[in-house]
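What follows is a set of structures to go through.
Presented sequentially are two complexes of subunit A, the first with subunit B as partner and the second with subunit C.
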Partner chain A sequence: MPENGIGAPVRRREDKRFLTGKGRYTDDINRPGQLYAYFLRSPVAHAKVTRVETAQAEAAPGVVAVFTGQDMAADNVGSLPCGWTVTDRHGEPHKAPPHYPLVRDKVRYVGDHVAMVVAESYAQARDAADLIEVDYDELPAVVDTKEAMSGTQIHDEAPSNLCFDWELGDKDAVEQAMSQAANVVELDLINNRLIPNAMEPRAAIGDYDSGTDSYTVYSTSQNPHLLRLILCAFVLNLPESRVRVIAPDVGGGFGSKIYAYAEETCCTWAAKKVGRPVKWTAERGEAFVSDAHGRDHVTNVKLAVDQEGKFLALKVDTTANVGAYLSSFSTCVPTYLYATLLAGQYATPAIYANVKAVFTSTAPVDAYRGAGRPEATYLIERVVEVAARQLGMDPAELRRKNFIKPDQFPYQTPVALTYDIGNYEASLDKALEMIDYKGFPARKAEAETRGKLRGIGLSAYIEACGIAPSAVVGALGAGVGLWESAQVRFNATGTVSVMTGAHSHGQGHETSFAQLVSEKLGIPYENVEIVHGDTGAIPMGMGTYGSRSLAVGGSAIVRACDKIVEKGRKIAAHLLEASVDDVEFKDGQFTVVGTDRSKSMGEVAFTAYVPHNYPEGVEPGLDETAFYDPLNFTYPAGVHIAEIEVDPDTGITQIVDWVAVDDFGRVLNPMIVEGQVHGGIAQGVGQALLENCVYDKESGQLVTGSYMDYTMPRADDLPSFRVGMTVTECTHNPLGVKGCGEAGAIAAPPALINAITDAIGEEIDMPATAEKVWRVCQARFAQAAE
Partner chain B sequence: MYAFEYHKPSSVEDAVAALSGKDDPKIVAGGMTLLPTMKQRLAAPSDLIDLGGIAKLVGVREDGGALAVGAMTTHAAVAGNDLVKSRIPALANLAEGIGDPQVRNRGTIGGSVANADPAADYPAGLVGLGATVVTNKREIAADDFFTGLFETALEEDELITSVRFPVPQKAAYAKFANPASRYAIVGVFVAQTDGGIRVAVTGAKGSVFRVAEMEQALSGNFSADAVAGIKVPADEMNGDLHASAEYRAHLVTVMAKRAVAAVG
Partner chain C sequence: MPSLSMTINGKQVTKDVDPNTLLVQFLRENLSLTGTHVGCDTSQCGACVVHVNGKSVKSCTMLAVQAEGSDVTTIEGLAQGDELHPMQAAFREHHGLQCGFCTPGMVMSAVDLLQNNPDPSETEIREWLEGNICRCTGYHNIVKAIQAAASEMRR
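So, the complex of A and B:
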């Protein structure tokens, strides 16, 4: 194995530029003659727009143009599409009301796009926006998920604000099992709405070249090809061949940068209108109101359990808020990325889920780190915990009893997925040992002497990553295929450029993918360069989300490396005057089997580009492309255990210990993986303890529109995580890898809420703020005193 | 942000002169509060008078048994000052707990006190220690200085030059921080001073206030138990997303207990 090959904790090479201020983000890029855009956003949640008067703004200093929805309509600019069609219970496609980049007649959430001002400076654009007169004929807002269906109708196309009413699973079997079960455990849960808050706000530059009639778009995108596809084929009606999308360094996405948004669409369109590049960078406040939000489910769950604690059936009723418009993938998140995961790690024989997606006068909701899987895991792991308490069983043992056993794989769940492999008990045992589960009662007693309520909480999660077999997602309504591409290009002097369709916005691909290629081709890690994020430089790719980059993109790289080796054997055989079948490749050397005669990868590459002595019928060059379409999802799984102490006087929860044992399959770079776990847990703790997106029920204003009110997790809210691993290798991709990017955010919330409810002895919804916890403590002490 | 004229006087007199005859002049100190408000276009002063060029407004010195802290002294400088740490450690501790390092390195005591944010920490320190606010015109007792929500006794053309803190026998500050902003949801400053026991509360109401009942109880019996049973009424308390009035009222008692315990 090369020194920096697979399994080595190589430090991230990209960090040098990030940490020394040399990263190049969209906002760092400036084009000659560039103008600046400012978006006038709706100050009200729901209103008819009866008049937009732009004359004064147009006359303001520095203003080049002011555009409204009418200008875009006149140019036949289309609606931003939702890329996944969900078919409802009655066989009807979901309601897909138009989502124009600039509104035409109505605003539907605070932050909706009313007009675009383009000026010589950002300040001038912003000043001019104050001069636009808009008449809003206000309508009532509806922001609450529970009340959405009885609220004011937001779209003519969607009566009762219902986007779809969808189901999965065998309802009859579940009802039958429920009616006969010894115990039915029921819970009402809220999966709180979150605002993603990537460190880098969204930004875009549209640049039009009239000489070639082509566009270059710089954008903070997780998937530049997908953005190009949507812009060209659905919204702006442009040939893809004339549009280049560059997503340079991107400072975090967490899902919120998957989608095609109004702003990059408008900048691209406006660049041609004004004949100069147009740049926009979101202010933090704009990010709060206009980035696609996450989660926002209201759920009732019932679990049927027999006398011995065996799960018999699970029934889930969820209302999911999709916001005012459908974002690019918002329909698949509360359906195929959610209900298909409801088996969790358990062999529950019957499962049924009904999901109603509702429109509200709030920002669009779409995938956010975990996307559907945290929502599924939260409800399963909460109801299992509550079941253990009600049945008086140990929560770890109840889980163990119901796990899918290692010899049951491949395991067909009742909700469509086939898990290929796993060993859930191994992770549970390791986690219990690491946290010293047996010692917990003593630690709890000791905490009591200090006036603290100590609690412990488990979470046994599973996720489906590596999205996804194209035929499968196509059958379920996806508008795209979810393969990935890679091009591995040797340069004549032996260095390698790898063009990947995956996009790194914090994941460390430039390091881990280079490790992979170094190992596969037996060349030094330093000789491998990873190129990504530019449709002008890479083959068509599908981008990064759903923990897919290594499982799908990495597999494509492996395939391309295999092709390189195949061709290399032919060249080496020629040089070694041996038959191709006698040449084997190992550790960077092509060797005639059973001899010490060999040629190095570098010699072969050089020969391919300087083919003076070359096999007949073989093309010069060493440059191979592969597309990889996965055979199945991958199924990372694991067990997290949180131990906390509540201060009953203040309600403050302190996390005192955290153990994470994850099975991500084979691990390429353990340091990067551990970092992903840490970040994921931090986000999960944020959701469970701190973060909450609140809209005012009456006015529809975003109440938590800044860091003064929206609580991001900070270092001092978190303990030192203790990370362990177990490994079962994925059976169907060439690397045996599963994906690790979302696991922490999926596993953490139920672990933490289970620990807190264990400590305080009452149910509580996320986020478990100090005041909520204190109220429970108060009520219990009052009771105890009586 | 809207356009404005910028002035950087080098003396208090020049600063006061710069304030006169302008449409809507504003003093800027650390800018931690004022600049975000201007960026959000919620404030649009015609002129900004930057006190950053007046050297004598910076620093801590002894002043007849008291400590005089210059208006332009940053929170970080107060937290790290040897005089403050040795004479009034509770004040250093309060300054250390304000916001985050960036805010502490820019924000000033003068700006904080003049701004009179109901959730700011310094008002509790000033009232709790019985400090005196020194301006270019006069001296104002802290008890009379904070007059309401973002309101003070300062006049239009008056600026704070320093704050004078008498050295207490003992003091402590206990803060329940807002999890998002880290301002005080409730902060209680307890001090044993020459003028008696003082208990000052910030964050809970529109403006800092003293709790006479706690002060009396502590005068007889200086222990956490003495205040444990004293509840402040919830009806005048602030209530918001992060803490209801009832919760704040409860936290006043809890934080008072903790401050008293910390005084020892």
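So, the complex of A and C:
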């Protein structure tokens, strides 16, 4: 292995620019002559818009144009599409009401886009927006997920605010098992609504060149090619070949920057209208109201368990809030990324899920780190924990008893997926050992002497990453293919440019992908440059989400490298006057088998571009492109254990220890992988303890619309984490990798809530804020005193 | 428009600015020093932290004119030429950043911490960072980096 090859904790090459203030984020970019956009947003949750008067705003200083939904309608601007059509229980497609970038007749959530002001300065655009007169004919807000179906209808197309009523699994088998089981454990759970809050607010610049009739769009996007596809094919009706989307450095995404939003659409469209570049940068308050939110499920779950603790059946009833409109992938999140994961790590023979997705007058809900999988894991790991308590079994042993065993792989679950490989006991054993599970009772007793309630909580999660194969997702309703592409290009002097369709917004691809190519081609790491985030430079791409970059994007790079080597062998064979079959490639050298005659990769690359002495019938150049379409999802899995202490006098939960043991398959850069685990856990802890998106039930106003009201995890809310790994290599991709980006966010919430409920002896919903925990403790004290 | 003078990263700067310009706008828009970021509108995220007369300040919370005559250091002024400041080097070594957006503010804030407290405990570091939000790292490696920089700088 070269020093900086696969498995080495190489320090990141992107860090220098970030650490010296030389990163280049969208808001850092300014185009000559640019104007600024400000969006007038709806101040009410649900209303008919009866009049929009823009004349005064148009006359305000610095204002170049004011646009409304009618202007866009006149230009035949389309609706922002949802890229996944879910077919419901009755064979009907989901309800997909139009989602226009600027509203045409109705506003449907606080923050909905009413008008766009374009002016010489941002301040002028903002001031002028105050002069727009809008008459709202208010309608009742619909906020509550559970009650949405009986609320005022939001879209003409969706009676009872129902988007779809969908099911998966064998209902009869589940009901039969439930009726005969010795025990049925039931829980009602809320998976709290979250606001992703990448630290870089969304931003966009639309730039139109009338000379070439082409557009350049700068956008804070996790997948620039997909944004281009949606803008061109669905909304603005432009040829893709005339639109270049650049997603430069992007300051975190966590899902929220996957989608095509109204703002970049409007900036692109308006750039041609006004003939100058148009820039928009979200204020944080706008991010709160208009970024796609995450989670927001209300679920009833029942687990049937026999006398010995074997799981017999699982039944899940979920209402999922999709918000006011369907965001780009919102429908696949509570269905194919959720119910398909309900087996978890367990060999439960029968599973059935019914999911109703409902419209509400709130911001659209879509994928947020984990996307469906955290919701699935939360309910499984909560109900399993409660089952252990009710049956009086050790929660670790109950899990072990029901795990899918290593010799059962490939394992077909009752909910469509086939797990290729795993060893769940190995992760459990390692985690139990790391946390000293046996020593917990003594630690609990010691905590008691200090007046603290100590609890321990496990979470054995599984995730499906890589999101693929295209044919399968297509059959399930996806509107796109889910391959990835890579181009690997040698330059004549031996350096390599790698163009990847994956996008890095914190993941460190520029480093880890270079490690991969360095190892595959046997060339120095320093000679490999990774190019991403520009549709003008990269052949094609599907972007980064669902922990897919290495498993899918990395596999595409491997395939392109294989093609390079294949061609290189022909060139080397010619130079070495040997037959191609006799030339082998290893560690950057093409060697005639059994001899010491060889040519280096660099010599071969040079020959490819200076082909004076060259094999007949071989094209010059060394530049290969590959598309990789996975054969299956990948299935990272692991066990997290949280140990906490609750102070019953304050309700404050202190995390005293956290052990994470994950199986991500083969690990390319362990330093980066551990960082992903830390960040994921922090977001999971945020969901479980602190974060909650709240809309006022009456007015539909977003109550938690700033960092004063929405509690982000700060450094002093979190502990240091202890991370361990086990490895079973993925069987169906050339790297044996699985993906690591979402694991922490999936595993953490149930681990923490299991620990807290263990400590306080009562059920509690997320977020388990100090106030809620304190109330539970006080009630218990009061009870005990009676 | 009033004319405004200050020293930024060791260089004397004089510019005409609107009196309601925030220091962070002055840096980003008037001087193209885009290393200082804006992550919120309520003075809470700390992405905008710079040093004014040696002390960490949220530059979104201060008017540019309030910095008249001051000595301002931004993330662009921390390294000595090609040599990273020990805090920058420690963030790189210990993977204290992912997307890099919070990083300039984190680093500037952490440098100020060590000026006040050259040997902070983990708890003191975590408490000091209360005004800096990072969504990517879970803070684990940021804390580690600051500890490492502290021991490096004490040598």
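Heads up, the rule we're going with is that the second predicted complex is superposed on the first by the 786 of 786 C-alpha atoms of A that agree within 3 Å, B and C clash if a C-alpha of one lies under 4 Å from a C-alpha of the other, contacts with A are read in each partner's own complex, and residues count from 1 in each chain.
Following the convention adopted for this analysis, a residue touches a chain if its C-beta (ideal position, glycine included) is under 8 Å from a C-beta of that chain, and two chains touch if they have at least 3 such contacts.
Please read these numbers as outputs of a predicted model, since none were measured by experiment.
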Touching partner for A:650 - first (subunit B), second (subunit C), both, neither: first
Partner chain in contact with A:769 - subunit B first, subunit C second, else both or neither: first
Subunit B versus subunit C as contact partner of A:28, first or second or both or neither: second
Touched partner set for A:285, first subunit B, second subunit C, both or neither: both
Subunit B versus subunit C as contact partner of A:694, first or second or both or neither: first
Subunit B or subunit C, by number of subunit A residues touched: C
Touching partner for A:704 - first (subunit B), second (subunit C), both, neither: first
Subunit B versus subunit C as contact partner of A:679, first or second or both or neither: second
First (subunit B), second (subunit C), both or neither touched by A:201: second
Contacts of A:252 with subunit B and subunit C, given as first, second, both or neither: second
Where subunit A meets both subunit C and subunit B, residue numbers: 285, 707-708, 712
Touching residues (chain side subunit B, partner subunit A) in the complex: 1-2, 40, 176, 179-181, 241-244, 247, 250-251, 254
Touch list for subunit A against partner subunit C, complex: 11-12, 14-25, 27-28, 197-201, 249-252, 254, 283-285, 505-508, 671-672, 674-675, 678-683, 706-708, 712-716, 718, 720-721, 744
Touching residues on subunit C, where the partner in the complex is subunit A: 28, 33-42, 44-45, 47, 74-76, 78-79, 84, 88, 91-93, 95, 97-104, 107, 122-123, 125-127, 129-130, 132-144
Complex contacts: residues of subunit A adjacent to subunit B: 123, 127, 285, 649-650, 690, 694, 703-704, 707-712, 717, 769-771, 774-775
